[in-house]
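Read the structure below first, then the notes.
Here the chain labels run A, B, C, D, E and F in written order, and each chain numbers its own residues starting at 1.
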Amino acid sequence: MSLAVDNLLSPLILFFALGVLAALAKSDLTVPEAAAKTLSLYLLFAIGFKGGVSVSAHGIDSALLLSLLAGTVLSFALPFIAFGLLRVTTQLSVTDAAAVAGHYGSISIVTFVAATSVLESAGIASEGYLVAVAAIMEAPAILSALWIAARFSTDAQSPVDARDQRGLLREILLNGSIVLLVGAFLIGFATGNDGLAEIESFIVAPFKGVLCLFLLDMGLVAGRGLRSSSHQLRFGLIGFGMLMPVIGATAGLAAAQLIGLSVGGTALLMTLSASASYIAVPAAMRVALPDANPAIYLTMSLGITFPFNLTVGIPLYLSVASAVGA
Amino acid sequence: MSLAVDNLLSPLILFFALGVLAALAKSDLTVPEAAAKTLSLYLLFAIGFKGGVSVSAHGIDSALLLSLLAGTVLSFALPFIAFGLLRVTTQLSVTDAAAVAGHYGSISIVTFVAATSVLESAGIASEGYLVAVAAIMEAPAILSALWIAARFSTDAQSPVDARDQRGLLREILLNGSIVLLVGAFLIGFATGNDGLAEIESFIVAPFKGVLCLFLLDMGLVAGRGLRSSSHQLRFGLIGFGMLMPVIGATAGLAAAQLIGLSVGGTALLMTLSASASYIAVPAAMRVALPDANPAIYLTMSLGITFPFNLTVGIPLYLSVASAVGA
Amino acid sequence: MSLAVDNLLSPLILFFALGVLAALAKSDLTVPEAAAKTLSLYLLFAIGFKGGVSVSAHGIDSALLLSLLAGTVLSFALPFIAFGLLRVTTQLSVTDAAAVAGHYGSISIVTFVAATSVLESAGIASEGYLVAVAAIMEAPAILSALWIAARFSTDAQSPVDARDQRGLLREILLNGSIVLLVGAFLIGFATGNDGLAEIESFIVAPFKGVLCLFLLDMGLVAGRGLRSSSHQLRFGLIGFGMLMPVIGATAGLAAAQLIGLSVGGTALLMTLSASASYIAVPAAMRVALPDANPAIYLTMSLGITFPFNLTVGIPLYLSVASAVGA
Amino acid sequence: MNMTRAKRVEIIIEAPMESRLTGALDTAGVTGYTVLPVLGGNGRNGRWTREGQVSSAGGMVAIVSVVRAERVEGLLEAVFAVVERHIGIVNVTDCDVLRAERF
Amino acid sequence: MNMTRAKRVEIIIEAPMESRLTGALDTAGVTGYTVLPVLGGNGRNGRWTREGQVSSAGGMVAIVSVVRAERVEGLLEAVFAVVERHIGIVNVTDCDVLRAERF
Amino acid sequence: MNMTRAKRVEIIIEAPMESRLTGALDTAGVTGYTVLPVLGGNGRNGRWTREGQVSSAGGMVAIVSVVRAERVEGLLEAVFAVVERHIGIVNVTDCDVLRAERF
C-alpha cells in the first residue's frame, strides 16, 4: 500500500500526470518530435547497455534461454486472449479487435524502464537479460494479430495487402527500437563493466531525470489522444484497457514461476506481459491492417493501459511478485 | 566591481557573446529549433523543480504570498511606466509602444536562471518560491498592454480583434513555459529532497553547462535580430532598453524591501522586474496586437535588454541588494 | 596489438559498427537530424572548451605557433598528394579527384575526438592546443582543391562560378564548426580551471556516452551511404581511402617530430592529418565544384576513411607515436 | 485514373495564428487540411529563420487544403477573417484529385 | 526562360507507408520526387500533430513529384495501388518546368 | 473573395545553395518567399535522406514564391543563374491570390 502511494508521489508519475493535465487543459506545452525521439533513443541505449553489462557480470543464467522462450510464447499467445476478451466485452470489428490485441501481446519499453526504476529505488535486483526478453516480445504479437485478422475477418478484401506484407516481417524484426535495444545489450555484454565505467555518467546518473522528461512527453501525447478520441472510448474498452494488463501480468507471473525468476525478475516479466506497445505495433498495424482505426488502439495503449500500469500496475505486480517470492 | 568583471568573464556571458559575434559575422553556426526548445524545456523543468524542493525544505515562508502579490502588481504596473517612458523618449506608435511595454512588465526566465547561477557561484541563498513569482509575473503585463492599446489607440479599428481575443486569456495562462515551470515547482514541492535525490544528477550538475549552450543559442538569435533590425533601433529605443530595466529593478527593490526578502531574493526580484519577455509575450502580441511591429519588440527584448541584464544588470542588482541588505 | 583489440572492443567502435550494420540491414533506426546536429555541437563545445582550459593550465607552449603553422601547411599540402595519388590509382575526373583531395587535406573532428578518448583511456597526455590546430586545418585544403580544379580542369567552363565564389571564403572560415570550436577554445582559455569547474559535469563526465550515441548516428549515415553508393566504389577508390590516411599520418608524424610534440600530441596530429572532412568540405564542394559527384566524396570520407581511422588508424598512429617517442 | 477537379489552397501564416486559422477552417466545415513546417522566409517584414527560436512569434507555418471548387469561396472567407490583419499569404490553384469521394 | 509543360503531383500519405510509396514510384520509373515533413493536420480521422510523437504511426509526409504529362497516368496507377486502402490524398496540378532535359 | 492571378514558383535546391538562391531573389527584387524543410528525395543522383545528417551537403530545401505574372520572368532568370550548374528543380504554377496589394 505504502509502495503504491510512494509510487504515485514519485517524480516519474507526477511528470506524466503533469503532461496529461496540460494536454487536457489545452496548454500549448509540447516536446519537439525530434526531442521525443532522441529521449527514446537514449532510454533504449541506456537500458539495453545496462542489461548487457548485468548479464556479463552475473554470467549467463540457465534461465536466460527459458525466459526468451517464455517471452516469445507470451507475445504470441496474449493477443489471442486479448482478442477473445475484446469480442466479448466490446463491439469492435474483427479488424479493430485484432489490431488492439496485437498491441497487448507486444510490450512498452518505457513501462519496462519505469518498472526497473521502481525496483532500483526499492533496492530489488533483477535479471539483466530481461532486456533481451523485452526485445524478443516486441514482434511475435504482430504476427498473431495478422493471423487473427486473416482468420476471423469476414471481409471479402484480405486484411493484409500482399504488396504491403512484402517486407513487413523484415521491418518488424529490424525496427529501430529492437535493433538499438538488442545492439546496446550486446555491446554492454561484450564490453562489460569496463565499458560501463566509460559511459556510466551518461547512462546511469542522469537516467531517471531523462525518464521524467520523457514521461512528461508521454503524458502530453496521451492527454492529447484522450482529448481527441474520448468519444471512441466506450465503457467496455476502458475496462479492457485495465483488465487485460492484469491478465497479462498473471500469465507473466506463471511463466516467471516456471522459470524460477527472482522477485525483481518476476515483477519485470509481469510488467512486460501487462504492457501494450505504442511505437512498433501501431506503425506495423497502419501498414498491415489499414482498415483498423488507429485512434482506438493508440488511445487504448497510451491513454488507458500505459497510465494504468504506471500508477497501479507496477506496484501491484511488484507486491504480488514479492508475496509469491517470499 | 570585481563581481562585474568576474561576471563578464564567466562562461555564461562569454558563450552568449560568442553567439552574438557569430551571428553578426554571418557565420552559419545555428542551433536547431528543436534543440533550442528542448534546452528551454530542460531549464524550466530544472529551475521549477529545484524551486519547489527548496520551498518544501525551508517551509512556506510568510513572505511567499506577499511575494506572489508583489510580482502580480509589478507585472501589471510596469507596462504603464514603460509605456509612458516610451511615449516620451521614442516616436513609437501607441500600438508599438503598448506591445513593447507589455514585454517589460513580464519576465525572461533565462535572465532569472542566469541570476540564480550568479548567486550560487557567490554562495548567496535565496527564497525558492521566487520561481513561482517568476511564473506569476509572466501574464499580467499582457493584459496591461492590451488595455493600454485599447485605451490610447486613436485607430478606428479596435487593436484587438474579438475573434482573436477569444481564448487569448486561456492561452496566456496555460502557455507552455508557465505550465512547465509551475508544474515542476509543484512536483518539486511535493516530492521534496527525496524527489531531488532521484533526479539530481540530471537537473543540478549539468545545469550550468546546458545554460551555456542555451545562451550561445540566445546570442545567435539576438545577433541575427540585431543584424536584420538594426535600422529600427533609434537612439531613444536603445536608451529605453537599458533604462527601463533599471527602473524595473528599482521597483523590484522597493517591493523586496517591503516584503523583507533576503539579499539573494531581493536581487532575484530586481532581476525579474528588470527583465523583458522573449517567448510568451511576443507570441501573445502577434495574436492580440497584430499591427505592432514584431521586429521592434523582439529586438528590444532580446537584442538590448537581455544582454544588458546579463552583463551589467545582474551584478548591479546584486551589488545594490547586498548594499541595502547589509 | 592488444591496444588494437581493446580499441575494437570499446563501446565507441561497437556503436559505430551497430549503426553501420543497422543501415546495411535496412533497419529504420534513425537519429533525428536535429539530434545529430546537437550532438555535434556538444562535441565541438566540449572539446574546444577542454582544449582551451588545458592550454590555460599548461601555459602557451613555444610549440603552439609551430603547430598551427604545421597544421596549415599540412592542410594546404595534403590535397596535392591526394590528387596525384587519385589520378594514378583511380579513373576519377579532375573535378571529382580535386573534390575528394580537398576532403583529405581537411580534418574530421569526430575522428580527433575519438583519438583523444583513446588517449584518455590509455592515460596519455597531449597538448591542449591541438584543438586549435584541428580548427585551423579545416579550411586551407578547400582552397587547394579549388586551385587544383581550376588548374587541371580541361573543362571549358570554369569549375568555380564567380557568383558562387563570392562569399565562399568567408563561409569557409566562418562555418559553424570552426566558429564553435575556436570560440569554445578561447572561452576555455579565458576562464581556465574556474570555468571548467562550473561546467565540468556537463562536458567531461557524460562526454564519452554522448560520443557513443553520435558514433551510432555516424555509423547509420555511413552505412546508408555505403548501401546506396557501393556501385561507385571501385577497388582503386577503396584502396585510396585506406592508403591516404596512412600517408597523411606519416606527414603528420614528420611535422610532429620537427615540432617536438609529446607522444599523445604526435598521435593526435597524425590522426588529424589522416582524417577526412565530412561536414565543412562537402558543403563547400557543393557550392564551389557542383560538377563533382557528392556520392563519391561523401562515401570515401564517411564510409571508408572514417571507419578505417576509427578501427585501425588511431591505434596504429598511437603505436607508432609511442615507438618513435620512446 | 478517375480524377475530379478541385482547388488546392495554400496558406502561409504566422505560427501564433495557426490554431485560430485551423479553428476557422473547422468551423467553416472544411473537410481536411495539412500543416507543414516552414524554416524561414522573406517579405516586407524582412528576413527571418526558425533556427534556434524558442518563441512561436516570428515563425510561420504552411497549411494546404484541397477542396471542391464550390467550397473554396466559403473556405476563403473563413481564412480571410483570420489573416486579414495578420502576416500571411494565400494562394489557390486548380488541381485534379484522386478519390473525390473522400472530400 | 525556356519552359516545358509538366505535372506536379502532391501526395500526402501516412508516414508508415512512405517507403512503400517511394518504392512504388521507383518501380514505376518515376524520375524524381521530394519528401517533405508534415507537422499535423485534420481529416475524417480527426485532428493530429507530430509534436512529441515517437511512433511513425499517426504521422504523415508530403511527397512532391514533377513529371512529364505522359508519365502522370503511370505514376498515379502506382500511387493508387499503395494509397488505395490507406489514409492519404493525391492532387495533380499543371505546371511549367525549367530544364526539362532533366526529366 | 477578390482574387488576383499570379504565379507560384517552387524551387527545390540543394541546401548549401540556399543562401545564394535567396540572395539572388533579393537582388531580383522578389517581394517574398518562404523556405520549407525537405526530408529526403530521389533523383538521378540517387536516394537520400536528412536523417542523422550533420553536413548541409546532401540536403535540399524547398522555396516557394508567389509573384505577379509580369515578374516571373525576372525571377526565373535570377533563379536559373544559381541553379544552372547545381542540383535542383523549378516549377511554376498559375494561381490566384488574396490581398494582391501585398505583392
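In this text, a residue touches a chain if its C-beta (ideal position, glycine included) is under 8 Å from a C-beta of that chain, and two chains touch if they have at least 3 such contacts.
Worth saying up front: this structure is predicted, and the values here are computed from it rather than measured.
What chains, if any, are shared contacts of chain D and chain F?
Touches both chain D and chain F: E.
What is the graph distance from chain C to chain E, where chains are linked when they touch?
The distance in steps between these two chains is 2.
For the two copies chain E and chain D, is the contact made of the same residues on each side, with over half of the numbers shared, or of different residues?
Mostly different residues form this interface, as fewer than half of the numbers used are common to both chains.
Find the chain most remote from chain F, comparing centres computed as mean CA coordinates.
Of all chains, A has its centre farthest from that of chain F.
At what distance in angstrom does the C-alpha mean of chain E lie from that of chain A?
That gives a centre separation of 33 Å.
Compute the distance, rounded to whole Å, between the mean C-alpha positions of chain B and chain F.
Comparing mean C-alpha positions, chain F is 38 Å from chain B.
How many angstrom lie between the centres of chain B and chain C, each centre taken as the mean Cα position?
Centres of chain B and chain C (C-alpha means) sit 40 Å apart.
When the centre of a chain is set as the mean of its C-alpha atoms, what distance in Å lies between chain E and chain F?
The answer is 18 Å.
Using the touch rule from the top of the page, what residues of chain D touch 2 or more other chains?
Counting only residues that touch two or more other chains, chain D contributes 36-37, 47, 49, 56, 93-94.
Specify, in ascending order, the residues of chain C that touch 2 or more different other chains.
In chain C, the residues touching two or more other chains are 28, 30-35, 37, 201, 205-206.
When you check every pair of chains, which ones turn out to touch?
A-B, A-C, A-E, B-C, B-D, C-F, D-E, D-F, E-F
Taking the touch rule as given, give the residues of chain F at its contact with chain E in the complex, in rising order.
That would be residues 10, 12, 36-44, 47, 49, 60, 62, 73, 76-77, 79-80, 83, 89-94 of chain F.
Show me the residue ranges of chain C that touch chain B in the complex, using the header's touch definition.
Of all residues in chain C, those touching chain B are 32-35, 37-38, 41-42, 45, 49, 170-171, 174-176, 179-180, 183-184, 187, 190-191, 195, 198-203, 205-206.
Spell out the part of chain E that touches chain F in their complex, as residue ranges.
Touch list, chain E to chain F: 1, 3, 6, 8, 22, 25-26, 31-37, 61, 64, 66, 93-99, 102.
Show which residues of chain B lie in contact with chain D when the two form their complex.
Chain B reaches chain D through residues 30-33, 36-37, 40, 157, 161, 163-164, 167, 217, 220-221, 224, 228-229, 278-280, 282-287, 290-291, 293-295, 298.
With touch defined as at the start, can you tell me which chain D residues reach chain B in the complex?
My answer: residues 14-17, 20, 45-58, 81-82, 85-87.
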